[in-house]
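Each of the next two complexes has chain A plus one more chain, namely chain B in the first and chain C in the second.
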Partner chain A sequence: MAMKKEHPVGDSKPEKEKGLNRRDFVKSGVAAGLGAGGALLEPSKAQAQVPPAGVASADWHYEVDVVIAGGGCAGLTAAIRARDLGASVLVVDQNFDVGGRMLHSGAWVSFGGGDPVQLRDMKGESDSEGFITVDPLENPEELDDNIELLFTDITDWSVVDPKGQNPYRYNERELVRAWAENCPATRQFMMDNYVRFTRVTGTHGGGGLSRARAARCFLMLGDKTDIKAGTITAEDAGVADFERTSPFAPVQMNDASRSVGPNAVMNGVALSRSLEFSAREKGVEFMLHRSFDAIVREEPFVGRTQGITAHYSPRHHPETGELLQSFWQNGNIDERRETVNIRARQAVILASGGHAGNPEVRSMFYPALREPAFPTSGNALQGSQGQDASALIAGMRVGANLAGMQQNLSYSTTFHISTRLGTRDAYTSMMPGHPTFGFRGSAGVNVGSAGFEEFIAVNQVGKRFFSEVRLPARPGLNAYPGDRGAPGRGLEHKPLDWRNCRKEWVREMYNYDHGLDAALAMNEGSEAPDYYSGPLWAIFDQDAVERTGWELHYPYVSDNGYFFQADTIEELASKIVAGHEFQRVPLSYLAETVANWNSYVDAGVDPEFEREADAPMSRIATPPFYALSIMVIWHDSYGGLRVNGRQQVVDTQGEVIPGLYAGGEAVGGFNKHGLGKGHVHGYIAGTHAVEEPSI
Partner chain B sequence: MSKLVSGALSLAFLVLPMSAVAQQLEVSLIEQGEELYRKQCAVCHQDSGVGNPPTFPALSGNDQLEDSGRVIRSIHLGRGRMPPFPNLTAEEVLSIASYIRNTWANDFGGVTTEEVTAAREGLDSSGPVGSVWDGVITEAQATRGQVAYSGACGSCHGRRLNGAPDDPDMRSTPPLARARFMRIWEGRSLATLFEYTRASMPEDNPDSLGDQEYVDIIAYMLTVGGMPNGDTELSPDSQSLAQILIQPEP
Partner chain C sequence: MPEGDDTTSHEVDTSTSGCTPEVSPSKVDSGANLTLKGKTTCSSLEDLRGEGIRVLDQKGALVESSEIIDFDGETNETSEFVVKAPVLPGAYTWVMVCPGCSGRGVAESRVPFSFEVKPHDTSVVVWSVPPTIECGEKFSVKIGVKCSSECRPAPWIVEIRDEDGGEQGTSTVAGERWPGTSALYYTETELSAPDKEGLYLWEAKLIGDGLAVPHTECISSFSVRVVPIPECVLTIEAIDIISRNPVEGARVVVHPYEGLTDETGIAELRIPKGGYQLFVSGKEHFPVRIDGDIKEDIRISVELRLDLELSDADVWL
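Moving on to the complex of A and B:
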């Protein structure tokens, strides 16, 4: 891959490696076919991805009823479900700890269809443990839901979104039907596995507009961290010190006093650790540091699924070099062989996430985002093999079809420009104290959209490319409460009528912001064959710091190549070139750009991008001068393996691949943001996997 | 020019038959009214006068604007949950009234002598006006406000009140302190901030906090913005909050 160095933090790099491009890698033999998806893999690891054609019986290293690739929201749910139904279950995960992206999520779990927390809140009841002491946040008519309404609500392409391309219209209806029918049961299942849900409030993006369906997951602050009791210490929750996170909770937990009561905290930690605790208690086994490579089928495109192969993918502490360990150890299998073959007597469930972390595979959706300067969200937490398209790649090799390949383009969170500046990992919140903080080196400064009024943004050659004020804009999400289809909040939602929108909305929807495309546009520094657009920089001066109060100190920024400070613009430009891993060319125009900008400020007119129309403009003239990285985030993955309503992977002939299931971001054809999709997929897959004959 | 002279002058012209001079003055009055409307009123009623019913009533096409005395009294004294604007001069109130009665879908014309008399009676109650820099909050109130803010506002407006949510899954929101907040809110009163906030926030469940919590949260916002503490707390009362203007640091 074309980055300057493997280990960005505090590591110097010989000058000759700068600007290494894809052709160089092809020559050196690293990029071998699809396996190079693993642009992020070392050569030996890439070779480990070659599928074994028919593993002989003696070659199996492990054997279980159900093997699951990936321990995130879909995989962990599937594991517990299959275990509950009597199967032996092994979860293989490339990371050192369990939880995938669920662990650093906000735990917005949007189900509906008349699920148990909707019913609880309609009655005004507390939770079974009596933790919830606040009244319901939604009125009963906003919670009065059913499966038919939930189904039509996210298959109609009614309520057209501002991008003029409502993702629902492309959903596989069978998938959505199965999802809707399993939402209430999955909510109950999670509650039966220690997950505590707050009051329902609104929906999460893509959860449908006609009813309130989302609840978050909480724990209560207490003297000890005890999942059974529902308590967590302030230190573990990360609320004791805002500049530290704990090994238990990579991101700080949020105040849940409004949706639960005093001393309640919420986020993905409350969700992920609760499910993990239950899984381990029930006897699910985990093989961590192990990256799933390939599906073993009787014949390459024919016959039953027999198992998987997976390679050792150890993650070491960035400072001490020690092998990273999961927070809980019970149920772990410490296996360090380079490659192991794991036989599945009944089924393989692919829940290893999407493709957002694999620039090579990303290019099939948006070629400009082959640019490796921009990683996926939470890459420090997950490591280079997180979201690496492993399920998509392995599925294609056994004949799986793909679905929803255009849906990445129709959801505004998929790729966007982060308001968190000065860190490579700009979509998560690890602080010192969690072992993966060192992989990012800085937490970044979240300036919010308003902060973009305080600087100019330049590309890799130092030129402005868009109105900074509009750069982080994202079109609105489909979410309740909206003004287009909620009870008592405006337009009445009519199921099975695609025209559920205002005429004005249809006109407005074409007027969305293209800042991200401008950020990825070719510029004078883009060179063949990849024509990378390069990194982006926020340039400002000391006066901007005075205006905003931005905290430009550790742990928010550090000397990790994503933050620079200098007394002159020229010095700033050279520091960026010397210190940033993806700055392949000089910022030749930066000094001229700043001088031009100051003349625009003096004249009160920005002839390039008309910024005076949106916000006041300020000179960049008081040293020291600063540069913070601006990151394009590829967050969600839409588009992936084609599955049916039982989460069985389907091949290009429309035939089920026997014994192969998939869920969460590994699958396509179902555009719904976040956890609500993954948990239900896991629940469905776990249910049906154990119905497979044992072979 | 004192505000009384100014107001009287404008009133005199408005009640005269439409001579060329009067028409010219009325145009300038309406332009002034539009500018003031955008600063003081549009935060709730919108630039287009459509408001956001039922929380913020539409002014465009609103028949209640036909009664100009009612309009003038409402602006000056407040009405229901609409905050009062005691800091506006008679001329300023009249300019706003003239503007909103004769723009968008409205065509209610000038005002009558009786209406002016009634309006002037109302305008006499104007009192002294202070600033957020006068020590209008206490430390204890701001501390209570921080707790309330953390539960009700922090998830969207961020721990630093800069509009950057802590959860990266959430969109940015308007900052509630420092330079950007001041730029937007400068010139408005705390009554406008209080009524706007409790009528519209939290966005998914407006008016779900107690009035005391809303005013405590405002005290916390002012503290983060660097405004000094004093001896008395802000009271959740629009009439008294209207006497405190959000102004640049003196």
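Moving on to the complex of A and C:
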């Protein structure tokens, strides 16, 4: 539990007398009505400055055994694990609620290596509570996994994906070995902390090709939301009203009847809220609205990690202006000073996410994505400081090395064009009902891939840049089981076989469309020094609306600068310029582009992008005319801090930075998407962090 | 003035009294609203609230006066007030008259300011042109006109001319507004197709002359595709590949011929003999392309695959 370094009024005991005895902390915390952790603070304490290195002991505002920056999948798992092993734990998160991106995820968690869910499904058993009433979805031989096979899969040099990239050969071997070895234990750990897993269905990106390893997380619909009982109300799950979600579930939960049985719902809510509930129940403390800034080390590049500094990052309700509050409050520390210094007696764990939300940092991978018009996924929920590269930046400042930086470009889904138009936050399907909906203002219109034939897509100057119907196309990735693009489609995958990357095979398999790159290309409106490509617009007319039935009303669209309607094309161009925050130049060519397009439709030939080969073309002629924003989304990060198999951060000399751990998207060298990576990292980091000597 | 700011400030240094008119926009539609605001400062920092600021036109006639309502200890300000711009296009210079600073005996100050009056911009929109028209056939189109100041039509006259400049028709746009628009007024006009097949580019031109409020002329082009009488009937049956249900509202296109399937998933196109490229697509289904050759009436069944929302598995595998 976090302990303040100042004394409450009337308490004459010296700080150290209350000191390091964990039981005493618990007692004083409970007495103060602050839950198991029970931290207090003096509001009169002077604000601390962010130090470049060591902070004098008198400047510490809090101290705990383990400080964790970030309350997402890696941070929350590490927190529970460290707490289970006896440490006092404080999680600092920039957001107002716990869960990070895990909360709005699909909760498809890929482990393997013979994990308990694989074994359960192999035997055809239900879960311990008897919720699962459907048969296993995978054959036993597809679930018959072991750690060696998993390790082989995720270091398989021979696999090349349809984008011509290599998902596994660049993975850090020690890191992924440890990950593979800890997969079964982490699955069990999560189940022990109220996480319920569906039947195993396939595997997840970067989880290897040879076995089915992924399961989703679910809850059962019931009269009451009760994590212990595994139930959630339809209102909390966001399934009671098609156009409404809830403060509990920022994204509506999905039907899980196929992989669990009737009345089961699934997504990141079932995962994140369950872990959060367990963490709070066990006495993990949270300091929310607080953005991690820097690691405090004895010297800038030498010595033990001592703690962190973090600044106040309050998020306010977009309509009422009130300070947003987490769904659950127990264990929260309401700290509002501008900057606080938090001492970690044993370890600091960096789990504050990746860099997809930081255009300056992500531009090292793709300079065109320095364009700030395109946010990372879940921007409304996470806020502007989500995925801000804070761990990477802070780590570099104390000498940390980086790993896997080129792996960011492997996944086609790392950055892509969304089929959800008309909203800045185009990755998620959040509806009104969650307090952060106002940050996006509209849910957007998901036109699907097929919907792209209904409009022309133009850049910031109003020019087309690619065949619209190919813009949303993504190459399928290698997968197992089944024949979803695995090497030797329809054939059993053989790891480490040179034929997997035989050039003839790769040529046949390669199917990447480069529309995304065309969308980010420089155009007449791009200006030095950044040459921003600017926003993208879907332009269509009333006939398209009538053909498709697109719902151009709230909550799908709103007057938020991402949807426009006008009587004429010229007026539409003017409205976009006046109303969109990143439209820096006039759409000077829009009227000409529409006129040209209509002439192509009349001629039946699109000489610019050969649209006539793929889909019918339609005139844009019937008023009113519309523009919906098209968003490029950078979803997640693979490059990051270098860590070893204990999740210890390693410096540029190959030496461990004492007391400093990292996991999840803060870490590089493991090209695996999502939760499966982060949870195991958190489990490993939490395990070893408490083995550090206490200072 | 910041780049892109359409407000113009004019200040004359009177050494004892500063009078500053603010005018927006600097280019205004004929007869449209012009927003003004007056500011004045006395070197004695005098509070002039309750005094009036006057605006005189180019002939010295009073246009408007506005009371000074704010004083921040240095500058006196009116609120923003709106006057009508002149109807006649051209450059204008008006005068703002600010009160004198009585404490120092300073006379009222007169500061000229300029703006430009322009004719109303117009846009002509032509739609509902049939994709194909048989030779010599009569057809109708819709023609709409939008004024930058959202004027109601006087009415307006639109001429339709062919590629050679020959008049094909004249239509009158009156006060009927097209649904879903703020001020697009329209009419429907019947025209006759040429006798020979081909793709023709015609023009719709708004005649701006003679209107009480000046409007710019505007021309909009549209295509007229004239085709011979088709010889064959292509019947399309669209069904969902999974459910086997008919797909209603699917687009059927054999360029330039097109249609929509009915509730039974059927669409009929009358097309000429010869090679064709058929597309069937929507609603929410991926397009299917079939190339072939038609010599007589034929029926084709097309299986459409629904464009399901991408699942995590689709995205991440």
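In this text, the second predicted complex is superposed on the first by the 621 of 695 C-alpha atoms of A that agree within 3 Å, B and C clash if a C-alpha of one lies under 4 Å from a C-alpha of the other, contacts with A are read in each partner's own complex, and residues count from 1 in each chain.
Heads up, the rule we're going with is that a residue touches a chain if its C-beta (ideal position, glycine included) is under 8 Å from a C-beta of that chain, and two chains touch if they have at least 3 such contacts.
Being a predicted model, the structure only gives us computed values, none of them experimental.
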If chain A is used to align the two complexes, do chain B and chain C fit next to each other or clash?
-> clash
Once the structures are superposed on A, label A:P314 by its partner contacts, choosing first (chain B), second (chain C), both or neither.
-> neither
Touching A:G448, do we find chain B (first), chain C (second), both, or neither?
-> both
For A:G645, decide between first (touching chain B), second (touching chain C), both and neither.
-> neither
Residue contacts with chain A in the superposition, chain B compared against chain C | C
Which holds for A:D567: it touches chain B only (first), chain C only (second), both, or neither?
-> second
Partner chain in contact with A:P116 - chain B first, chain C second, else both or neither = neither
Touching A:S599, do we find chain B (first), chain C (second), both, or neither?
-> second
Would you check which partner chain A:G674 touches, where first means chain B only, second means chain C only, and both and neither mean what they say?
-> both
Once the structures are superposed on A, label A:G303 by its partner contacts, choosing first (chain B), second (chain C), both or neither.
-> neither
Chain A positions touched by chain B in one structure and by chain C in the second | 106, 108, 201-202, 413, 419, 446, 448-451, 453, 474, 547-549, 616, 674
Complex interface listing, chain A residues touching chain B = 105-106, 108, 137-138, 201-202, 242, 252, 254-258, 267, 377, 413, 418-420, 426-429, 446-451, 453, 472, 474, 481, 547-549, 616, 674
Would you tell me which residues of chain A are touching chain C in their complex?
-> 106, 108, 201-205, 413, 419, 446, 448-451, 453-454, 469, 474, 476-479, 484-485, 541-542, 547-549, 565, 567-571, 595, 598-599, 602-604, 612-616, 621-624, 673-674
How about chain C: which of its residues touch chain A in the complex?
-> 123, 125-129, 144, 146, 178, 180-184, 199, 221-223, 225, 249, 251, 253, 255-256, 258, 277, 279, 281-287, 289, 307-313, 315-317
Listed in rising order, the residues of chain B that touch chain A in the complex are 147, 150-152, 154-155, 158-160, 162-164, 166-175, 178-180, 183, 202, 204-205, 208
